[in-house]
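Structures incoming, each one as structure tokens.
Two complexes are shown next, each including chain A; its partner changes from chain B in the first to chain C in the second.
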Partner chain A sequence: MSKQPAAVVGVGQTHHRAKREDVSMAGLCREAMDRALADANMSLDDIDAIVVGKAPDLFEGVMMPELFLAEALGAAGKPLLRVHTAGSVGGSTAIVASSLVQAGVHKRVLTVAFEKQSESNAMWALSVPLPFNMPVHAGAGGYFAPHVRSYIRRSEAPTHVGAIVAAKDRQNALKNPYAHLKNPDTTVESVLASQMLWDPIRYDETCPSSDGACALVIVDEDTAAASPNPAWIHGTVMRSEATTAAERDQVNPQASRDAAAALWKQAGITSPIDEIDAAEIYVPFSWFEPMWLESLGFAEENGGGWRLSESGATAMDGRMPVNCSGGVLSSNPIGASGMLRFGEAALQVRGAAGEHQVDGARKALGHAYGGGSQFFAMWVVGSEKPTN
Partner chain B sequence: MTRTLSAPVTVAFDYTRSTGPVIGRFLTGLRDGQIVGGRTSEGKVVVPPPEFDPVTHEAITDFVDVAPVGTVTSWTWVPEPVKDQPFDRPFAFALIQLDGADVPMLHALDVASPDEVSTGMRVQVRWRAERVGAITDIEAFEPATDAGPTGVEALGTNPVTGVVVPVSLDYLYAASPEESAFYRGLNEGRILGQRCPTCQKVYVPPRSACPADGTPTAEEVEVSQTGTITTFCVVNVPFLGQKITPPYVSAYVLLDGADIAVLHLILGVPAAEVRMGMRVKAVWKPREEWTYSLENIDHFEPTGDPDAEYDTYKQHL
Partner chain C sequence: MRDVAVVGFAQRQMPEFDGSPTCVELLVPLLAECYEQTGWTRRDVGFWCSGSSDYLAGRSFSFVQAVDAIGVIPPVNESHVEMDLAWAMYEAWIKIQTGEVDTALVYAFGKSSAGVLRRSLSLQLEPYTMTPLWPDTVSLAALQARVGIDAGVWDKAAMAEVANRSLTDAEKNEYSIRKGGSSVEELLARPMYADPLRKHDCSPVTDGAAAIVLAAGDKAREVREKPAWISGLSHFVDPMSMGTRDLTRSPSAARAAAGVDLSGVEVAELHAPFSHQELILRRELGLADDVRINPSGGALTSNPMFSGGGIRIGEAAARIWSGEISKAVGHATSGPALQQNLLCTLEGRS
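Let's turn to the complex of A and B:
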């Protein structure tokens, strides 16, 4: 038996901020959920199952938060699942939710992902020194900066490309009412002038630390018939790999390439750059835009990515708009960041992205990665029902 | 001699919680000597108030003061209290339905022996003098007296919106047998790895099994103390818990004879002069400072030899 068609009919998100001291974790989730349900013209009573995701528990210091959140999330009397794949969790949570519909298990699934980073300190949480080891770890930036350097060397990229991406995403964020960072004065020059934090990564080339949540309502074909603009799911893929292995490609991981190949095949796409109208790619450090453009097959390896970013093709009015929402570089509630990519892709093909809408977008990519570039989750959504 | 090495590690952080309007209202009440419940859509008064109605799922907005006196509906005796429990002497945990509430709440009941507790007994609040907006503002419940509980004054004017929750977890970190051999080698001034019998790759530190093909590894290999910087970053950012003062160079060093790089510190050269391909050697701490740790190697520093060709290490990026 093949997969049942499934579609996103509701997308909701919070106003992302450095500190949302006005709401509890439950309140943060409900803000996104209530917007998604209103968008879907549904109430919690219409929902069959809840799937929740968030990044490592150390980020809030609450083990298994799904336990205390169950009632507030409206999960009493319903199945409640929690998904956990580090930074990619928002994406994999959406995929688990969609699979419940595609498998015919449930008709209407609500999925929510969140992070309340202000309750902890992610830099600390990712750098706890272990006995016997050398304490040189320095958060996510310290982890990824050497691999960015490897990409720059391998692709012979000019060093200002990261700044072009950062300035572009920060300008896009001005069009997104929910985005965390709103810095109208950000330019390539101002990014280049910002402090070098983890050389070669500058301050303005990094994502902020945000409180926020995202929620989606994913439904079966019959339910989707009532929606004026469902985003049909054309393909979903998750892949993982070992964090460390001899000669593991840390710039363009095998799991990422395999996931992309499987995704395009599922979605019936042969030339991503020609067939995808908008992409929401997980870019927590600006250089990951060109890196993932290559890994995902939008551009040739070892240089095609930075040439695309440098040319302006990834701007909203470019050939291949990337992160019109402002992306992770403008809002990063870690656990929700992947679902925001998936949700923003759905908004694009529903024609519901507001000021950051790409005119006539019909197919869009949502992408997330996590851990030491070891977890990948991605989907393609379209304005038309899939034919395959 | 034990086969594996282990060492204590404590993971501790003072988490800050935003209470939101409902829990905030409850905690504000406790600080001011009042117990606040929430009325649900079915008309039930619940203490502490739930954030969202269990039936309509709407936010709870109808708050009700309940009495500081109630009835025990069930209980359990705690004969040997553990750290951070309400008392260091035996006490009861009790479910107490306060007058005016429709469901019980959990708290400590301060009595000397289980003979003094019974379901149905009347109990009253004993307030703490220093109240901060926490469930522990109620020191405990105690058997009801004719005079009733001693009332207390409100202690603040601003609503409680946040609480600090210190979390501290003590672990015993255990190294695997293979890692233990590696750390023992470091205690002898040697850098040991293991070769995978399937793919022939040499792992430093050794894993119990090859991450690429899953084969258990056994053959011990001593690798060189000289190697090549494959890639690196310059850490300029200070952060909580940091052990090395920035700026410092954190680099992947591919030791000669190994097939995977180790992350270590580069010194003896200005950060701006560190390069991919630079040849470096281990600089050990004085022998009397050695333990069983990669920190026995203080840092790596340039050998002064010509840089390695890019082609010799590019597959390690």
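Let's turn to the complex of A and C:
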């Protein structure tokens, strides 16, 4: 049997904040799930299986929290899966959920990804001392800053491009009612004036730490027929590469390039920049926009990316709109961030993105990465049923 | 559905693993064994999926170093579940069913001895009202056993019979870390550990890892004369709340049983970390009296966290490969008091 068509018919997310002290973990997940179910015009009774995703359990201080959440998430009496693949997990979780439908095993799957960082302490969770491992003690920014410096050197990028990306995403976030950061005064100049944290990454070029969740309802062809605007899944891909290997190119990892090539092939796309109408790319630090644009094949390597970002092409009204939702730079509930990218891509092709809608978007990319740039998950969704 | 079979299985189990909590040192030889069994190299594997727990490893992203054990240059199609090996296998089976890949290698690992397991598992409970009381796994299982005894659903002798049979069968399993049967009377004379549980009613704290290889259609036939074909795969979860569940039952196990065809099963490998839990599972699965339970010795004699369930499926598959039996069921559980359950039926069609 070949792969069955699958589509997203419901997308829901929470209002992302630094601390959602008004809800428990279950309440946070249900806020996103209930919105996704309402969007899909369904109730939990219609759902065959639940797939939960989140980043490390130490972020909330609960081992395998999906077990205690099972009942609150409506999973009791149903199959429940829990995915954990580093920062790419929100994307991987959506892919696992869609594969349950594509395999013909289930017809209606609900997937939810969350992070409630305020329950624990992410910096502690990432800093547990490990025997025989060099402590980084620098957070993710300290880890990625050398990659960014390397990109700037290789591509001879002017150093203000990161600020252009950050200002654009923060302005886009003003059009997204769910976004965490709402800073109407952010401009390229204000970003450049913000504190340098990990050279060349400034404070305003970093993602916030958020509590939040995202949920998707993914269904088979027959169920999707009842939806006015399904987002059809045209391709999904996951790729992982080694963490410790001298030959790794951490600026433009092979796993990223391989994943993109496999994804475009599956989705029947030959020129991403011409055929993708909106992209939600995982950009936790501003410079990752030009870096991933190159790695994904939207622009030529060693400079095409920053030229695209600098030219304004990645703005909402540009040739290649990137992160119209405000992206990870404006909301970062880690485990959910990947699913938010996947969900925002679905909203675009469903014409349901509200104020941050790209006119007439028909094909969109959802992208997530994790770890030290060795884990990748991506999908392409479209307003039309795939022909391949 | 595509025909998919278990064609490879490797395991290591020990009281205390002298190595890292990510068990990378164990995974490398396990993967080598899988290649030897299949005649493949890692490039023949279409999809990888692992199962493990960050809390067990005492660090975030514990699976990351394990991925390096594969040797992932060039990059691979890979995923991870914070669940037992059996569910990693389920994700891989789904991936093969989509038609995207034909083969998969799944693995899982856990070094329980790195901490105090029964205490670590308290962190699995409801965090706002239950975990602060630190009820540990053994105590919760004891409460469950007590409920069943008081309700007359089982008795101490039935529990001791399970333990005696398991310890006797374990003598033939090189990986069992507790073995040596005696008699029901002798076992019942041993001291109480967590009333009404004696030590032999509880699985021993075990370190270990395991790997399973899946292949579809002809790929499976190329590897084995008698592949263990997966004829059914079903899993469900119950609410966790111990106060609202009937602890003498496991509705999710019964649901999983309804999702597969258990008729004609000759061997059942049940993942029952406590003796009375085997009694619950036998009832929920409605197993006939002539079904052989846990010829490997089962989880009562060796139970590495996060691979203990998958090992049941591997043990069942090995008996089909050898031609000893033609139908078996492997079972995996997760969560306190049999909260989540998976069943996989395997058949040795020619």
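Going forward, the second predicted complex is superposed on the first by the 380 of 388 C-alpha atoms of A that agree within 3 Å, B and C clash if a C-alpha of one lies under 4 Å from a C-alpha of the other, contacts with A are read in each partner's own complex, and residues count from 1 in each chain.
In the analysis below, a contact is a pair of C-beta atoms (placed from the backbone, for glycine too) under 8 Å apart; a residue touches a chain by one contact, two chains touch by 3 or more.
Given the structure is predicted, the values throughout are model-derived calculations rather than measurements.
Enquirer: Putting chain B and chain C onto chain A via the overlay, clash or fit?
Expert: On the shared chain A, the partners fit.
Enquirer: Have a look at where A:G61 lands relative to chain B and chain C in the superposition and call it first, second, both or neither.
Expert: Both partners, chain B and chain C.
Enquirer: Going by the contact rule set out at the top, does A:L44 touch chain B (first), chain C (second), both, or neither?
Expert: In the superposed model, A:L44 contacts chain B only, not chain C.
Enquirer: Determine, under the contact definition given at the top, whether A:S2 touches first (chain B), second (chain C), both, or neither.
Expert: In the superposition, A:S2 touches chain C alone.
Enquirer: Just to be sure I read the superposition right, which of the two partners does A:M123 touch: chain B = first, chain C = second, or both, or neither?
Expert: In the superposition, A:M123 touches chain B alone.
Enquirer: Just chain B (first), just chain C (second), both, or neither: which does A:A70 touch?
Expert: In the superposition, A:A70 touches chain C alone.
Enquirer: Between chain B (first) and chain C (second), which, if any, makes contact with A:L81: first, second, both or neither?
Expert: Second partner only, chain C.
Enquirer: Once the shared chain is lined up, is A:V105 touching chain B (first), chain C (second), both, or neither of them?
Expert: Once the two structures are laid over each other on A, A:V105 reaches chain C alone.
Enquirer: Name the contact category of A:V251: first (chain B only), second (chain C only), both, or neither.
Expert: Once the two structures are laid over each other on A, A:V251 reaches chain B alone.
Enquirer: For the overlaid structures, how many degrees, to the nearest 10, lie between chain B and chain C at the C-alpha centre of chain A?
Expert: 50
Enquirer: Aligned on chain A, what is the least Cα gap between chain B and chain C? Give it in whole Å.
Expert: 5
Enquirer: Please report the chain A residues shared by its interface with chain B and its interface with chain C.
Expert: Looking at chain A, the two contact sets intersect at 24, 58, 60-61, 71, 76, 119, 125, 128, 130-132, 242, 244-245, 247-248.
Enquirer: Could you list, by residue number, the parts of chain A that touch chain B in their complex?
Expert: 19-24, 26-27, 30, 43-44, 58, 60-61, 71-72, 74, 76, 116, 118-121, 123-125, 127-139, 141-142, 145-147, 149-150, 153-154, 195-201, 242, 244-251
Enquirer: Can you list the chain C residues touching chain A in their complex?
Expert: Its residues touching chain A are 1-2, 20, 48, 53-55, 58-61, 63-65, 67-68, 71-83, 87, 90-91, 94-95, 97-100, 120-121, 123-128, 130-131, 234-241, 251-252, 255, 334-336, 339-340.
Enquirer: With touch defined as at the start, can you tell me which chain B residues reach chain A in the complex?
Expert: Interface residues on chain B, with respect to chain A: 5-9, 11, 13, 15-23, 50-52, 54, 57, 59, 161-162, 165, 167, 173, 175, 179, 183, 199, 201-203, 210-212, 230-237, 239-244, 248, 250-252, 259-260, 262-265, 271, 276, 292-295, 297, 310, 314-317.
Enquirer: Can you tell me which positions in chain A touch chain C when the two form their complex?
Expert: On the chain A side, the touching residues are 1-4, 24-25, 55-68, 70-71, 75-86, 92, 96, 99-100, 102-105, 119, 125-126, 128, 130-132, 237-245, 247-248, 253-255, 258-259, 371, 374-375.
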